[in-house]
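Letters A, B and C mark the chains as written, and numbering starts fresh at 1 in each.
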Amino acid sequence: MSDVDDLRPRVAAAVGALRERAPLVHGATGSVTRALVADGLLAAGARPMLTESAAEAPTLVTVADALLVNLGSLSTDGMVGFLPTARTAAERGVPWVLDPTAIGVAPVRTPLARELLALRPSVVRGNASEVLVLAGGTTGGRGADSTACPEAAARAARALALDHACVVAVSGEVDLVTDGRRSARISSGTPLLTRVTGTGCLLGALTAAHLAVATPFVAAVAATALLTVASERVAHLRPGSFRVGLLDALDEVGADEVAGEVRLAWG
Amino acid sequence: MSDVDDLRPRVAAAVGALRERAPLVHGATGSVTRALVADGLLAAGARPMLTESAAEAPTLVTVADALLVNLGSLSTDGMVGFLPTARTAAERGVPWVLDPTAIGVAPVRTPLARELLALRPSVVRGNASEVLVLAGGTTGGRGADSTACPEAAARAARALALDHACVVAVSGEVDLVTDGRRSARISSGTPLLTRVTGTGCLLGALTAAHLAVATPFVAAVAATALLTVASERVAHLRPGSFRVGLLDALDEVGADEVAGEVRLAWG
Amino acid sequence: MSDVDDLRPRVAAAVGALRERAPLVHGATGSVTRALVADGLLAAGARPMLTESAAEAPTLVTVADALLVNLGSLSTDGMVGFLPTARTAAERGVPWVLDPTAIGVAPVRTPLARELLALRPSVVRGNASEVLVLAGGTTGGRGADSTACPEAAARAARALALDHACVVAVSGEVDLVTDGRRSARISSGTPLLTRVTGTGCLLGALTAAHLAVATPFVAAVAATALLTVASERVAHLRPGSFRVGLLDALDEVGADEVAGEVRLAWG
């Protein structure tokens, strides 16, 4: 894949395969965004299963096709349940995404993210601040926002990917997906994605869903392409209507359109 | 009630009485679907009260007109709180619905569902897989999906209803409501109901709401009729808009229309 | 501020400053309404951060510009986390709002609300029943509804405000904001606000957001003005569409329009 033209058909194939196979995606994710994550997975063609308690999540992940672990609004159930759930996924070969939401100031989730990172996620997905903190560079932003420099984050992402043999996806005005050697940049999307709670979590969930049907690199690019191309269809709306329209667009947009319309570049 | 024409006026009366009396419905239900459950109850004319912790839920249920216990995305609070809450409801004569979401593989909720079943729910509501597991027949589907044969589920539902002196409602392409001796089938609805998270939970909550104003059998039929007739009004929409339109339709549809338009049969 | 005309420009300035400064609002609030609270804060121009566990919330509040503590659908995490979080806010000078949702019958949240009240909230926000219970007058309504007399609640609110040196906001058909000496009444709004779950929680969150840019009295008036004026724009819709349209309107309505259109009086 030295050419973007090689990547586009893989994106189309992944988005199409998701709809055809309807993978079961286990989402261990914060309570604020669960409904959007579940509805977004359904709209894209996947099937959601969301539970986080240590008593059930490690067992339930064994029947899933992929897992998302997202640290947003971390509960006690999540603090106790995330590690055994991710460990089971790693042992059973269930591909999984780590989304280290708002690490930095938060005292529990920052070391927890590092422990999770040792359990071989296929993809790490975060904003620039979160990726920099995970890579050891800074102490992070405030809340779920990112205040970091994109280029510093790109260097951190490449290092993180090489160190942990995973794909790292950094969301921002331009999204970056890297395995440490090659990097794709996706510049589709709309600032409205930051005006609705949970679109970052949904991107993590869609990445997990695509892991069931594609390689980690293609899965991360395809999920970003799907969400951002869908978002552009409803970029003229205000935030309440945008959230609704985004779900409609995830259902409506064709796999070939996603691959054809995404603004994609290497580098 | 040997004739469907005898059932229709009871459905109309129940849907109308719900709006008139605005019963307070205690929902002990998973975090993913709570907002849809609460908004759906409000749209239908009931008043929601959602809490699940053992420290508060057993006390709060004493002021409620009906209770829903739903095992979806079971939290530690729910594991500890559901049994004392249902026990209090049973002792105080508060009618209640058991929705054993995703039992089967899940290690805690499967035995918990059996313990709850011993506390005399008025209605058990689930999909075919869940009803088969609860009746002891199989080990269940994956997640909240159903993979079971409808006729096997109908037999299991009738046996479950007779064994536990309750009404059993099985959702699917055709919904079944049975008390073990007689059974109603409702074939209204749209596949879009499976493309939005929480419509099954909402059906359980609407069933609980109708328990405050009707017998268990009529309550289960009326709730199914209300939700499926409302869903047909917005069946042309994509999933994001469908979720919004479903709430609008629950508010808008008339009680007589629900009773008149529902596709209902005995058997 | 002896004249309503003195209050209007302060309301306009507060609503405008919120959008300009985008304060980070920490919401410790129930799981049912978190998505609406977060999306409503974003639509109004603030940035939400929602977490409630004792392990993280007291640390995270130190980077916030304001805090909301809402007792709705109280979880075990909230029971344990709310007091240390509010204590940290009080110690660090982070202004905060106490929303004692559904106190009265609920056995844990009623004494918890009193302990929280001792930690110097800038604003206490509730319906008439909740304010009467907190002031010691009654044992409260059922669930999150209010059954109390507005005038009795107004007296209780003034007493509560004087006793605790805070502003008390009582929502109802006419909203009241008082510091014990002077009181503003806002009669804008629509009954649809009671047909959607979480609009009371959202009002508490918007009040917290305005605390970052205005005095407690002006913050409570401005938040009520913003929400009720926005609600009137979409008062012709049914509840599902109303929830969506309300978020759009929070984004769209101008600060001067809010101040100009709000039905505001002293007394």
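Basically, a contact is a pair of C-beta atoms (placed from the backbone, for glycine too) under 8 Å apart; a residue touches a chain by one contact, two chains touch by 3 or more.
This structure is a prediction, so every number in the text was calculated from the model and none was measured.
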Practice problem: Make each chain a node and each touching pair an edge, then name the shape: line, ring, star, complete, other. | Solution: complete
Quiz item: Could the interface between the copies subunit A and subunit B be described as same, meaning over half of its residue numbers are common to both, or is it different?
Solution: different
Quiz item: So, what's the distance in Å between the C-alpha centres of subunit B and subunit A?
Solution: 33
Quiz item: Counting only residues that touch at least 2 other chains, which ones in subunit B make the list?
Solution: 31, 35, 75-76, 243-244
Quiz item: Which residues, counting only subunit A, touch subunit B once they are in their complex?
Solution: 24, 31, 34-35, 38-39, 42-43, 47-53, 55-56, 59-60, 62-64, 75-77, 243-248, 251-252
Self-check item: Complex contacts: residues of subunit B adjacent to subunit A
Solution: 30-33, 35-36, 73-76, 79, 102, 105-109, 142-145, 195-198, 237-241, 243-244
